[in-house]
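After this come two complexes, each holding chain A, first together with chain B and then together with chain C.
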Partner chain A sequence: MSFGVDRSIDLRHDTICMAAASHRPSPIAWLIAPAVLLFVLFFVLPFAVMAMMSVYSGNPVTNPNAYPTTRHYERFIFDTAGIFHDALWATLRIGLVTTVISLLIGYPLAHWMARMHSRLGHALALTAVIAPLLTGIVVRTFAWMTILQDKGVINTTLMSWGVIHKPLPLMYNEFGTVVALVHIYVPFMVLTLIGVIGRIDERLEQAARSLGAGRIRAFVEVTLPLSLPGILAGSLLVFALSISAYVTPSLMGGTEVLTLPMLIAQQVGTSFNPNFAGALGVVLLLVCLVIVIAYNRILARLSGEQGLA
Partner chain B sequence: MSAAANRKPFDAGRAAYLALNIVLLAFLLAPIAIVIVFALNPTPFISFPPVGVSLRWFEKFFASSDFMNALWLSLWVAACVLVLSVVIGGACALALARGNLPGRTFLTAFFMSPLMLPAILTGLALFQSYLLAGIGRPIWGLIMAHTLIAVPYVLRTTLAVLHNFDHRIEEAAAALGASPARVFFEVTLPLIQPGVFAGGVFAFIVSFDQFPVSLFLVVPKSETLPVVLYNYMKFDLDGAIAAASMVSILLALSVVLAMERLIGLKAYVKL
Partner chain C sequence: MISRRSMLRTGAIAAVATVGAPSILHAQTKTLKITTWGGKWGDIMKATVLPAFEKEFKCTVQADQAFPFMPKLQASPKNDPLYDVFHTNSNEQWSALTEGLVMAKITAKEVPNIADVYPYAVSDKIVGVTIFTSAIGLGYRTDKGIPVPKSWKDLADPKLAGQRGGYLIPVNSLGQCHLMMLGKVYGKGLQDLDAAYKALEQLKPIKLVDFTGQMEKMLLSGEVSEGVIHDSGVLRYEGANRQPVEFCSPTEGVMALEQVLNVTPGSKVKELAFSYIDYMLRPDVQKLLAEAVWYSPANKKVKLSEKYDARLLTTPEKVATLIQPDWKWYNARKDDIDARVTRILKG
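On to the complex of A and B.
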């Protein structure tokens, strides 16, 4: 999970201040050593191992007969079993739908909070957004299971009112998966957007209105275009998070949903094929890297512009 | 929202806007409220509407040795992660902000990157590495994995505090004759303390709630609480899960309050 902040403005500013003083690292720089060690041993090396495993036929340490091969990637690309491409599309489709709905829910909330003048109201709303974020994914998925299952809150209530006679299929399908994913990732959208909308000068909208634009027109023609980079950044973040979700699709999707992370877990857990799992991992990693790089570019450009202004 | 709109006696558009946002906030909070209802509802299955208030699910949760072992393991792992990530992340933040290192923008992005990559892949990569190294799946391997995910949080809260305070305070102390060590211990450290603490609180909760990284790294019979809950939920949905969830929610709420006190929630808004 992440709501990482791009601090490039501050860093750039620091660099300028520091450059005037000296170009050499101070002794404090050595404090970076433990973090470097941790990241090399438990982050860089493991991902290299994952990439290596994906091009080997077995475990190259314990099995002397293991040989380099591209067969895991071929298995994914040619997909003779007919499930891998479907899983990839399902993953991207669920990610896309989750992103669009999160934006539709997150934007009004972020706009409201960014323009709220009451400090207490702002703090309460912010607590309401952050509290779910700090509740575990397993717990939040459980909450949605109690709401959407056949004997859950919605079905029981509707049946007791006589609106429906048999439970609606709200869970164990893509619908339930998307609902729970939206709930889990909306806070990331809201937190990204509040910052961006908060920086748009409110007077621009007021000027548009005093020049005769209606409230909706002022929003559509002034605020909305100015918040576009935030919309893009928030959407990329939510998309990257939801295509890598495992808990929610596996609990809410039942047997009807199969996503790439679920396939990876199957390969490790039941099929015990860590090499093929590695290849699937590399595919998912590449998709996420493209998104993350785009996301960082947008945020960096955004803070660059704001830094100059 | 504009001043003109405020003066009207009743504004349907504004009322609709407010109502919409309250509905959206309710969408965020309702599932959590419902978990609390189920934790206190005495019926054997999750059923709605609730019929009463009882603590039987809490009794079941706290009496179950499976849940308790998992809870203690999670708390123990989270405590180790807190200490490790505060030390490693705090030191790293100081080095990045004050060490005059070349390529700081890149380094910061690099140390934040575990947050941006799918956690399940971090778990998979570590699982494969431990497999190749032939070390099995030790607890310290799990702790290091959680620490990796927690360090970025400590880094962010500490950097936020370091960027907000004036360099010149340290320079003034040095100009008045304090040695670098004394400046560090008497000026810098007390000033960054809230940021480091806030990061530590975050690190604890991130480890306590961690699922995707733990999935491949735990061994049967010594699983963390989220993994035990997940396995239980696959077959059974009863109030014990709700009670366990409520423990986790209360923890999250206390973290939010601690955070607000330490550095203010605004530090968590992007940009």
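On to the complex of A and C.
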């Protein structure tokens, strides 16, 4: 009897201790606290301010006459100016094309680096991939301008050789913009993919080949599906960076390229309309969220739900 | 005999005084917050002009060179604005006035040197006071065998297809001035937008940039043979720095690119702000800056050296060729114009 009583006391004591432990923040929570704080301060709060500004006629903090309105969203949705929908489509198109090309260039490179046995070779290749990141985006874009413009390296060389008689349209269009963006963002794709491909057990591919699969089939049916998490992460990273790019499309696009970030900068910097700029920012974010969720689900389904979603 | 307690107390007071002295001194010194340009202008301002002002008026000047200034002023409270003196081009002053962020007029009562400026500097097209102006005309290469331009219409020469340069009109006031000038040259006047749009269509293909520095680079590299630019962007390439570029003031007149100073109504140091504007209009300061960056001084009493005097707008006759845009009119329809020109120039 007394034994039973003692046991029940022990159990209650254990339960109380577990409850107390569950209420105490784990050490990992303290470690992520700075990141959460930064996220709240520099994303959630500014986004909330931007979203609030987008539904006001002016700045409600400095202008007491500012009133709630949906006119900024109506301006975008009805697009009587005839440029906003085009700008959104151009933004997404440039983002998608840049992502696909970065993947096509980055995947083979990452695969080669991940399977490299020479430490020195790996270090040199990694340095080559990282090197562009050591230079600012503006400088890199200006470098592309000197290469692609009408009097640039390519056109001048081809014309001096007599291959062409008038400059090729390499700049002031989407082509030039995408070329410069791919150069800037390929390292992000490669660095993301190296880690994932490096963790795939090479013996799985060897097993597939010993069972009769050719090189290509072994890659397509074994390595590629296993690297889908890296493809997803790298693609989302490059896509997010591309659709929010401002400097490169502005300098490389000329009159042919107008993206939402360029329109947002125009509204803030030269039309002095932060409210409409806020509405454009919210639209861009919502459209991107829809695309990212859809992409995530499609890849998860393709890879048989390998922890992607 | 010094006790341990008194020594600790003395040490603590000394430490507090050492740490606190700069901030106490700073609190006693007035601070003037201004906007100003970077580049060579900014170098001279920081090295010479501002230190001399600080010394004379016993103050500190905080100069913001990070453009754009207007959104930052918009975001600050009107009764405690981010800037005391707002230096921008004229179009932005009009936008600021619309939002009550700058004063409508500054007179010789507040800034005595205004009595000596050319009329354009305080005309009804100006909010605040102009301290310098540039002429917007055509820059061209002298080594490409193109005819020397005389008129704004020469930019439409078919031989210049793909070799002419302009600005992204929504973001650059030189582009906006050019559009208005097209209305004047091809239509009934600066406000004839239909004629301007039609003329703009005829300028395609045209290479467009978003700031004047980039136009300079395009002219210098030969990427364009002729383009819209302000005189100082071309005239500065002289002497040892000589380049095969020249500036043309078209016969129809040049558009004014004004450097305008104004005071924010909520400034806590208004008197100091007016003193700063007065200082910037002094003949010696005007001469120094004008000859450094090839800007035409607004003060009539400034005597520039011969080579500058020959090229800049320094006489009533030369000043009469300046055409001042009506920015109030333009800003009121900027969104519509932006959309229209974007559609025209795309594709």
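We adopt the following convention: the second predicted complex is superposed on the first by the 241 of 309 C-alpha atoms of A that agree within 3 Å, B and C clash if a C-alpha of one lies under 4 Å from a C-alpha of the other, contacts with A are read in each partner's own complex, and residues count from 1 in each chain.
We adopt the following convention: a residue touches a chain if its C-beta (ideal position, glycine included) is under 8 Å from a C-beta of that chain, and two chains touch if they have at least 3 such contacts.
The shown structure was predicted, so the numbers you read here are calculated from the model rather than taken from an experiment.
A.B. asks: Where does A:Gln149 make contact in the superposed view: on chain B (first), on chain C (second), on both, or on neither?
C.D. replies: In the superposed model, A:Gln149 contacts both chain B and chain C.
A.B. asks: Examine A:Met50 and indicate which partner it touches, taking first as chain B and second as chain C; both and neither are also allowed.
C.D. replies: first
A.B. asks: Which partner chains sit in contact with A:Asn59 here, chain B, chain C, both or neither? Use first/second/both/neither.
C.D. replies: Both: A:Asn59 reaches chain B and chain C.
A.B. asks: Please work out whether A:Val268 is in contact with chain B alone, chain C alone, both, or neither, and reply first, second, both or neither.
C.D. replies: Both partners, chain B and chain C.
A.B. asks: Should A:Leu286 be classified as contacting the first partner (chain B), the second (chain C), both, or neither?
C.D. replies: A:Leu286: touches no partner chain.
A.B. asks: Between chain B and chain C, whom does A:Tyr172 touch in the aligned arrangement: first, second, both, or neither?
C.D. replies: A:Tyr172: touches chain C, not chain B.
A.B. asks: Touch check for A:Leu38: first (chain B), second (chain C), both, or neither?
C.D. replies: Touch partner of A:Leu38: chain B, not chain C.
A.B. asks: Pick one for A:Gly82: touches chain B only (first), chain C only (second), both, or neither.
C.D. replies: After superposing on A, A:Gly82 lies in contact with chain C but is clear of chain B.
A.B. asks: Looking at chain A, which partner touches more of its residues: chain C or chain B?
C.D. replies: Partner touching more chain A residues in the overlay: B.
A.B. asks: Looking at the overlay, what does A:Thr255 touch: chain B (first), chain C (second), both, or neither?
C.D. replies: second
A.B. asks: Both chain B and chain C touch chain A; at which residues?
C.D. replies: 59, 61-62, 149, 151, 251, 265, 268, 274
A.B. asks: Spell out the residues on chain B that touch chain A in their complex, using ranges where they run on.
C.D. replies: Residues of chain B touching chain A: 1-5, 13, 17-18, 20-21, 24-25, 27-32, 34-35, 38, 45-49, 87-89, 91-92, 94-102, 104-105, 107-122, 124-129, 131-134, 144-145, 147-148, 151-152, 156, 159-160, 163, 167, 180, 205-206, 208-209, 211-212, 215-216, 226, 229-230, 233-234, 237, 241-242, 244-245, 248-249, 252-253, 255-256, 259-260, 265-266, 268-271.
A.B. asks: Please name which positions on chain A make contact with chain B in the complex.
C.D. replies: Spelled out, the residues of chain A in touch with chain B are 1-8, 10-12, 14-15, 17-18, 21-32, 34-35, 38-39, 41-43, 45-47, 49-50, 53, 59-62, 105, 108-109, 112, 115, 123, 125-132, 134-147, 149, 151-153, 156-157, 183, 186-187, 191-192, 194-196, 198-199, 202, 205-206, 209-210, 215, 240, 243-244, 246-247, 251, 261, 264-265, 268, 274, 277-278, 281, 284-285, 288-289, 292, 295-296, 299, 302-303, 306.
A.B. asks: Where on chain A does chain C make contact in their complex?
C.D. replies: Per the touch definition, chain A meets chain C at residues 59, 61-63, 81-83, 86, 149-151, 167, 172, 250-251, 254-256, 258, 265-266, 268-272, 274.
A.B. asks: Write out the stretch or stretches of chain C touching chain A in their complex.
C.D. replies: Touch residues, chain C against chain A: 68, 70-71, 74-78, 95, 99, 162, 168, 170-171, 206-208, 210, 214, 221-223, 334-336, 338-339, 342-343, 345-347.
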